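First chain written, first letter: the chains are A, B and C, and each begins at residue 1.
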Amino acid sequence: MISIKNLHASIGEKEILRGINLEVKAGEVHAIMGPNGSGKSTLSSVLAGREDYDVTEGEVTFNGKNLLDLSPEDRAREGLFLAFQYPVEIPGVSNINFLRTALNEIRAYHGQEEMPAKDFLALVKDKSKLVELDSKLASRSVNEGFSGGEKKRNEIFQMAMLNPKLAILDETDSGLDIDALRIVASGVNKLKSKDNATILITHYQRLLDYIVPDFVHILYKGRIVKSGGKELALELEAKGYDEIKKEFEIAD
Amino acid sequence: MANEILEEHIQNEYKWGFTTDIAADEAPKGLNEDIIRFISAKKNEPEWMLEFRLKAFRNWLNMVEPQWAHVHYQKPNFQDIIYYSAPKPKKELASLDEVDPELLKTFEKLGISIDEQKRLTGVQSNIAVDIVFDSVSVKTTFKETLAEKGIIFCSFSEAVQEHPELVKKYMGMAVPPTDNFYAALNSAVFTDGSFCYIPKGVRSPMELSTYFRINASGTGQFERTLIIADEDSYVSYLEGCTAPQRDENQLHAAVVEIITHKNAEVKYSTVQNWYPGDKEGKGGIFNFVTKRGICLEDNSKISWTQVETGSAVTWKYPSVILKGNNSVGEFYSVAVTNNYQQADTGTKMIHIGKNTRSTIISKGISAGFSNNSYRGLVQIKKGASNARNFSQCDSLLMGDKCGAHTFPYIEIKDKSAVVEHEATTSKIGEDQLFYCKQRGIDNEKAIGLIVNGYCKEVLNKLPMEFAVEAQKLLAISLEGSVG
Amino acid sequence: MSLIVDNKSAVTQNLLEQLQKGSGKIAFIPDAEIISAIRHLENKGIPNNKHEDYKYCNIEAVLRKEFKSVEQSFNELTNADIAPLKLEEAINLVVVNGNYNESLSEKIIVKGLTVKSLKDISSSQKTLLSSQAKSDTDALIALNTAFSNNGLFLDMEKGNVIPMPIHVIYVNSGNTEIVVNTRNFIHIQANAEVTLVESFFNTGSSKVFSNFVSEKFVGENAKLNCFTFQNEGPLSYSVNTNQVKVNKYSTYSNTTTTLGGELVRNNHNVELAASNCEVHLNGLFITKGTQQVDNHTLIDHQMPNCESNELYKGIAKDKSVGTFNGKIFVRKDAQKTNAYQSSKNILMSDDATINTKPQLEIYADDVKCSHGTSTGKIDTEALFYLKARGIGEESARKLLLQAFAQELIDKIEIPSLQERVLHLFEKTL
């Protein structure tokens, strides 16, 4: 599905990603873990096409296309979805209107007709149940005045609506209490299929109790320093990041 | 990329820029007492009307054009304007079939139907329309339906003939002929406009609407609207305007007056889309308009909502004089300027009665090389106890070649007043744009979405049909403004 | 129409004649600038309320009505007159009727600091003089330029930090109606830091029209922290103009408290001519009787990455009039500007008036600018709450007004000045 080869990226003068290699196939769940500042969020931003970062080396293939050549909106239309760590508030723009625009833009990209309003509303009703999102939130402005938990649930709701091929969940567990975490995780699990893939970016092992990954990668100072199965996350939890830091200390 | 968008914008710009090939009956260029007598005679006006005009004209001669607005333009040559232009033939229209087919085509292009049947049976809601073409009202629809309720909705000229007592009593009450330079000019030379009277206890069963169009070249448009809402009545009034694309600047100096009696309410909505000039700033309408309402008696309410996307230069301050106790004034405005457009617009809320309330929400959007100013006055007179005002003026800048300005004047002479004013200036957030793009929405659409969201408080105040038109207009006006 | 023009020029002409009689001009301002000043006055006249900037402050009418016979007969002052005006923790300098008075001033030996009369400055020190206060921009600046006396020159050399505040006491005193054009020039060079208090008094028995102009230059990475204290009493009519220019990485702040004076007009114009500088303007007034206080500010952001903050509060009692007119001007190059302005007022009487005109004029897109203004009465809920706890109406009211002003009083970091302000403020309540 996505193949990342020797990806280097920097912001200004500072290199943050220093050669990432990652291969994700349909049906898989990958977790990327790492201490603060290891480049986790940079990776998700670069994949989604945020302009603040310069890709200096490497390539990314997504469904056979060169991802790095695509505009952010075309990446989204190709099926790449980023659940933001800090979802943005857009005053005055209702969630519904926002989603309908997005959905129809994606459909148009694939040469499909606009979704009839009736079907769309049915879909909204159906998918909002998935994350136990109050239907009132759907008619409110995008993320405006939402609590932290509501914002994250809204991200998963949008993911359900847009049905992406690859979902990147950037610290979706941060700031969630245990109930919200359970709701978000169950939503993600229900959306999982043999045709799509998920990348979980997280600091803590906690989320992985609910969404069980097939692979765990440890990111440190812009490189994947260790990969393994789900047991790697448990090991990391037990030892802490300090162990990793010692083991893989690289000069800046 | 930016160039492509710009190209597309140029292709797209000003859809309403066609002219209509209709022979017009015109006055010679220039302005003097003879021209005014000519206009008055053409319209077969009574002596008192001519006197009103001449008095205004003599006043105007001693007045100077206002200089304080934050706009710069070549002053119009008032002797180079045709003050009267009527589509020929000018005979009384008995039915729709008699309207010049060219004219009907024009209105079709504008998307306005003057075919009542179609409106009655069609899906669109009922709106009665008075259409002012250049200077003359050509057709008022739904007159009979309204007459059953006692509502008078007709052209201003007709009102002068048929309802002189009402015109005499109310004309100039909100906007005296000496009020300002352009109001005086209008009072002297106005050629037509709309007149509306809602009798006691009547809620208008449909929205009333005036559609203005300037067509002939070298003309100015000077129409006058007078709306009177008698006790316990209600009406929602819509105004739309377009003009053909021309290299010259054309002058539009209108006057709108609203008078509300006890417990009456008038909601006046405008979507102003006069030709703004081309992308070099050539041509376009000078829109110098005086709009004012008086809440004459207790518990009455006047609400102005405007979406301003057109005109080369706009100078316009729809205002409310809150004379009756507990009366309410509202002003909701979206003003968009692009290319070389200039807008200086806002409102005046004059609190005289007790417990009067006013709300001002103004959203300015500047793009291209344009300048967009909010100018407003909130005045709490002595004795206007417990008066309240809340003002919110936000500006959005798109690009670094444009300007956004806020000039509020607040004068308070009563200690029980509470007046709050807030203003912010910002640009569209990069993070908001990125969020939209990540969901598959492209730049132009994302800007449209965010801008419409930013203006929502105002757009929500428009009647449904107008809101849709306004949203589209916003998107078109801003196309290509952010590359 | 023509009548008004004649009248206006008559007031100006009359004033020019009266002032010219009494002035023994000391030529520290270049002749060309003085000629330009007189031209401006003759052409434009003293502004009346038809002038947009003086809409709520008719200077021409004040001169016409209150200053019919200006005779410029001044009083001499002694140490005893000055003693009560001094601030204990500061170096006190005295300017009497527009002239720097060395014998009444305290002696200073501070490294890098030069204080002298404008007439004594060297030609190199003259170069910046009147470059910031341009006669063609404002009639009151022009008036001052044409007739100012021997004002104060203060210069702080590079890299020096003053250990204690400098307090300049501007005191006017006359036997007859007088017009005083006081002027100063403050220059804080790169990396220097100065705290400056400027106090204004009228000790005479006659009416004074005080037209003060101050040019302040703040060099690179320098700091100028100013406090203005105005308590001139009912016989005083004053226009105070501060023309400030700040340089890269510098900070300028001013807190103005206005307690006395029949008419006080403050023009505070700050030019942020370089990047990364910071400006704070604060003001507090309380007016009673028929007092008029009019605060005008212009924050001119010309370069990127600067920040400005304004906080003005006012309380208007009796028949007094308070005005705030502040403009934030952000030019094309001033990207990443943060500018904030707030004006809050309380009206205590139905005969009092508050006018506010907060303006934004913005030509750069990547900026954060906002203003807020509110005018209202005392919070009745809070008043009731206090009364319900057994506090009398009068003390409850005072308590709330003091709370309203506290934010600004707290900004006066000099204890004896703060005490002085607090004392007068409470007395006026």
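Here, a contact is a pair of C-beta atoms (placed from the backbone, for glycine too) under 8 Å apart; a residue touches a chain by one contact, two chains touch by 3 or more.
Note that the structure is a prediction, hence the values are computed from the model and not measured.
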Leftover contact groups, counting everything except chain B:
A | C
Of all chain pairs, the one with the highest number of C-beta contacts is B-C
If you average the Cα atoms of each chain, whose average lands nearest the overall Cα average?
B
Using C-alpha centroids, which chain lies at the maximum separation from chain B?
A
Between chain A and chain C, what is the gap in Å from one C-alpha centre to the other?
57
Distance in whole angstrom between the CA centres of chain A and chain B is 48
As a quick test, compute the distance in whole Å between the mean CA positions of chain B and chain C.
44
Touching residues (chain side chain B, partner chain C) in the complex
68, 70, 382-383, 395, 397-427
Contacts from chain A onto chain B in the complex sit at residues 48-51, 71-73, 75-77, 81-82, 84, 87-88, 90-93, 97-99, 101-103, 105-106, 109, 141-142, 158, 162
Could you please specify the touching residues of chain C with respect to chain B in the complex?
52, 332, 335, 345, 347-377
Sites on chain B touched by chain A in the complex
429, 431-432, 434-443, 445, 449-450, 452-457
